[in-house]
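Both complexes shown next keep subunit A, but they swap its partner, so subunit B is in the first and subunit C is in the second.
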Partner chain A sequence: MPSVEASGLRREFKAKDAPVVALDGVTLKVGQGEVFGVLGPNGAGKTTMIRILSTLLLPTGGWAKVMGHDVEHEPEKVRKVINMASGAEKAGYDFISAKRNLWFFSQLYGIPSEKAEKKIAELSETLGLTKYLDRKFYALSTGYRQRATIARAFVNDPRVVFLDEPTIGLDVMTARSIREFLQGEARRNGRTIILASHNMAEVDAICDRVAIIDKGRILAEGTPEELKRSLGVPALVMEVSPPREGFETLSRIAGVKGFTSSTEEERGLCTVQVVVENDAAARAAEDAIRSEGLKVVASWRKQATLEEVFVALVGQGFKEREEEGAG
Partner chain B sequence: MKARALVRLWSIFGEPLWIVVSMGFPVLSSLAFFLLYYSMGAVSYVGFAVLGGVMVSFWGNVLWSMASQFNWDKQEGLFEIYLTSPASISAILIGMSVGGIIGTLPSAAIVTAFGWTLISVLQLPVPVVGSWLAVALTFALTLASLYAMGMTLSSLYLVYGREAESMNNVLQEPVSLLSGMYFPSVGTFSPFPSAVQIVASLIPLTIGMNALRLALFSTPGADTLALVFPSLAILAAMAVVFMAVSAYSLKALEYKGRKDGTISVRIR
Partner chain C sequence: MISVRSLMASAWMGIQHDLAWTTPLASLLLQVVAPFASAMSVSIIYWFGTRFSPALTFDAARLAFVMVGSTLYAHVAAYAWVPTVAIAEGKNLAVFPHIYLTSRSTAVYVTGRMFSAFAISVATSMMALATAYYVLGSMLHAAIPLVVNPGSVALLAVALLANLPGALALGYLLGAYSLYASKFEWSLPGYVAGLLMVFSGALFSTSILPWPLSTAADYLPYTQFIAAARSAIVPGTGVDYWASIVFSLIGGLLLMGFSLWVYLAAERRARRDGVLDRRLA
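Then we have the complex of A and B:
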């Protein structure tokens, strides 16, 4: 039995002009002990998916099950086996200590106090929180507050944990220790972790499988390696001078799947990254830039990352997609 | 339930400024009415001022720490932690009420001690309590119905966003006035016309305050328990009705929130 299963999952939100489709026919299966990444730009539908699977939101179409229980009709059964945490939540009462907060949240699951205290000590040790347990919640730094949030999400020994951007805004070291913790929980304790993120490096580093989502649809699914291999050849990176906006000519070249660009004002150039199907397309892309009177200061080929996979699927990077959505 | 009660207590006593505010303000407002009655020569009414100070502490706790709590929890992402857990939301609210009552008792005790000291120092007539059982029952049922009303408000406030705070401000003073916190607002001595008295009677605090005044300041020798019995029955009924309404509205609002996607509203 898959830990999480969904078929044709759909969610519309009412809006003034027309309903907004946040999730559009998502189908997936996640096995026990898997770290499953849901990767997409802001507004892609990741949080909506997490909220439906964690019983906070009803689907308007399709169905989803967690540990065999229907999220729409059996929320009470689902809630006994899950937990969730979000990088955006505050997740604790300010004027009580981190330890008391964790104990309180463990009581929502009816865990005997002694067992809960042992679990809190164990989680705190692994997450490097022990020294700060007696501090009031408001006095914890963002990093330690987030460690406490993650500890809270595991305090009831959940079978499935939903995490929405759990390392957002954290320093590199804290983010890394949280990632190691998550991997350990999946490997050692067989917990299924569904991780929604727009941090591609994070998803690449810890997820066994990844679903790339955009405009409410899953565009591709597989292991990070499978997804990257699907691109075929390495991406082309060019540093172009003088900097400018708009490289639409690239998208008209046969074999170019998509591109992103960013301006570096200080260096007076633009970095253009082009996802290509073959080497000929890479050469044509470089020629096209030169033919527009721009100077290619440097160019190289780059091993594919999940970002290029997204660009290949959508034709744009996360940044451009989010700007388009905001516009 | 027990855990939520403890969180309430830890929060109340973990915030020094809140201790000062919750204990100091009722003493001051009680003192104002005490001195007013004293300067008017209405010395038999000074007890009303002390009782008002005691009950205003609980009313403040119901409004600001019960009714608004889920709304604040919702704003900060804590309410969704409750919802995704198997815990009963009604049990959480009951825990919050128990914690709130215990946490407010010191404030009530301070007002009582302050009032008692003033009465002794000024050598005013001390009320003779006919039946402490009647007083205890009335006090307990008043709090039960008051906090049950807080539970209902807490669930209804989930519909609101930040307007919940304004709703509290809108309710605070009118309810204090109508319920007769410092003077009888229903009955023979009420300054209000009967239509206003009928509206005031729908508030559990009005019935409770009236019954407490009867229990505490009735004529010596009167059968106090019999006097307050109708009020006790009404208060018990109100407590049951408010708790049922709260449980129903929580279920309904949870379903509505899941359907409309309004459960998560965060400030961060």
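Then we have the complex of A and C:
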């Protein structure tokens, strides 16, 4: 039995002009003990999907089951086997200690106090939180508050844990220790972890499988390696001088799936990374840059990363998307 | 079993919220201020009225009537609004959706919070009443007729407990609104408190209200509670204590059943509309 299963999952939100479709027919299956990543730009539908699967929100179409229980009709059964945490929230009562926060939630789950204390001690030890357990929640640093939030998400021994950007805003070491903890929980305890993130490196590092989602639809799904291989040929990387913005001509070239660009003012260069279908498209992209009077200082081919897969599937660079959003 | 544990933990959280922000004794004493101010201000207004209006003469029993009524009103106001506070604060701290995910309904949580607020409010209201009794008696050189003995205290305790379902009912109704509110949720309890002051017989008899308001006011469990509690410690009120207790309890239970249904329906709708985890402005 899959831990999480959804078919044709859809969610519309009412809006003044027309309904906004946040999730548009998502179908997926996640196995037990799997770390499943959900990648997508802002507004892609990641959080909506997690809210539906965790019973915080009802779908307007399709169905979803968690550990065999329907999220719409059996929410109480689903809640017994899940938990969730969001990196952006760092949810907790400021005026009590981290330990008492964790204890409070354990009691809401009906865990006997002694057992709860033991579980809190175990989780804190694994997450490196033990020294700070007696500090009031507001007095914890961002990293330790986040560790406490993650600990809360595991306090009831959930079979499925939904995490939305669990390492957002954290330093490298804290983020790394949280990732190790999550991997350990999946490997050792067979928990299924659904991880929504913008962080490609994180997803690449810890997820067994990944779904790339945009505009409420799953565009691709597979292991990180499968997704990277799906691009076929290595990406083209060019260092272009003088630096400038806007390489829209690239998107008009046949065989170019997407691109990103970044400016390095100090070096007087612009690095353009182009996801291509074939070698001919790579050559055409390089020619197009030159034809615009720009100098290609250096160029090389690079094995695709998850970010490039994402760019190729979503269809445009992050910068362009941000501008579109701002507009 | 889970619900009992949740209820106890929620009550514990309420105590933490209300008392742990400074030393427990200091926060408890600070919470005496509101019911004490309520008792003092209304009593002094009454006293001034009798001093400067030829139509009124000072009556210590009347002073006891308004002093006890205004303290009990402040008591109801102190804990019936707790679900509003608990939900708003929970949304602000982002804990509310996680509380929702722990059980069938957040009603258990808000009930636990109300129980703790009830216990604190009983303590602070009684401290306020005792202080007001002493201060007003000394200041106005009046022998305020309060009956304080084990029997009257027991009757007062029964009245306070009989009001719990009614106060829970008000709490669930206001809480149902808070599930949706993204701002100004604080204002609704204020309006309801104003209505309660007029219609609960806290300061004057409901019989002076025009019909049908007077009859409607008499059916409110809060009116019956204040009448019963007052008659427990103020002699000569002419109120049938046990009849008021029964009315308060039955009215409160009926209203609580309805309010809980409204709350659960609001919760289901909030889930459908996706506002359970909406942060507040």
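Throughout what follows, the second predicted complex is superposed on the first by the 319 of 327 C-alpha atoms of A that agree within 3 Å, B and C clash if a C-alpha of one lies under 4 Å from a C-alpha of the other, contacts with A are read in each partner's own complex, and residues count from 1 in each chain.
Just so we're on the same page, a residue touches a chain if its C-beta (ideal position, glycine included) is under 8 Å from a C-beta of that chain, and two chains touch if they have at least 3 such contacts.
Quick caveat: nothing in here was measured; it's all calculated off a predicted structure.
K.L.:
Subunit B versus subunit C on the shared subunit A, clash or fit?
P.N.:
clash
K.L.:
Give one of first, second, both or neither to describe whether A:Tyr93 is in contact with subunit B, with subunit C, with both, or with none.
P.N.:
both
K.L.:
Looking at the overlay, what does A:Leu56 touch: subunit B (first), subunit C (second), both, or neither?
P.N.:
Both: A:Leu56 reaches subunit B and subunit C.
K.L.:
Is A:Glu114 in contact with subunit B, with subunit C, with both, or with neither (first, second, both, neither)?
P.N.:
After superposing on A, A:Glu114 lies clear of both subunit B and subunit C.
K.L.:
Residue overlap on subunit A between the subunit B contact set and the subunit C contact set?
P.N.:
13, 51, 54-58, 76, 79, 82-84, 86, 89-96, 100, 103-105, 107-110, 152, 156
K.L.:
Where on subunit A is subunit C touching in the complex?
P.N.:
Answer in residue numbers: 13, 51, 54-58, 75-76, 79, 82-84, 86, 89-96, 100, 103-105, 107-110, 152, 156.
K.L.:
Which residues of subunit B touch subunit A in the complex?
P.N.:
2-4, 6-7, 10-11, 14-15, 76-78, 80-87, 92, 257-261, 263-264, 266, 268
K.L.:
Touching subunit B in the complex: which residues of subunit A?
P.N.:
So the residues of subunit A in touch with subunit B come to 11, 13-14, 51, 54-58, 76, 79-80, 82-84, 86, 88-96, 100, 103-105, 107-110, 136, 152, 156.
K.L.:
Spell out the residues on subunit C that touch subunit A in their complex, using ranges where they run on.
P.N.:
Those residues of subunit C that touch subunit A are 1-2, 5-6, 8-10, 12-13, 16-17, 20-21, 93-95, 97-104, 109, 271-272, 274, 276-277.
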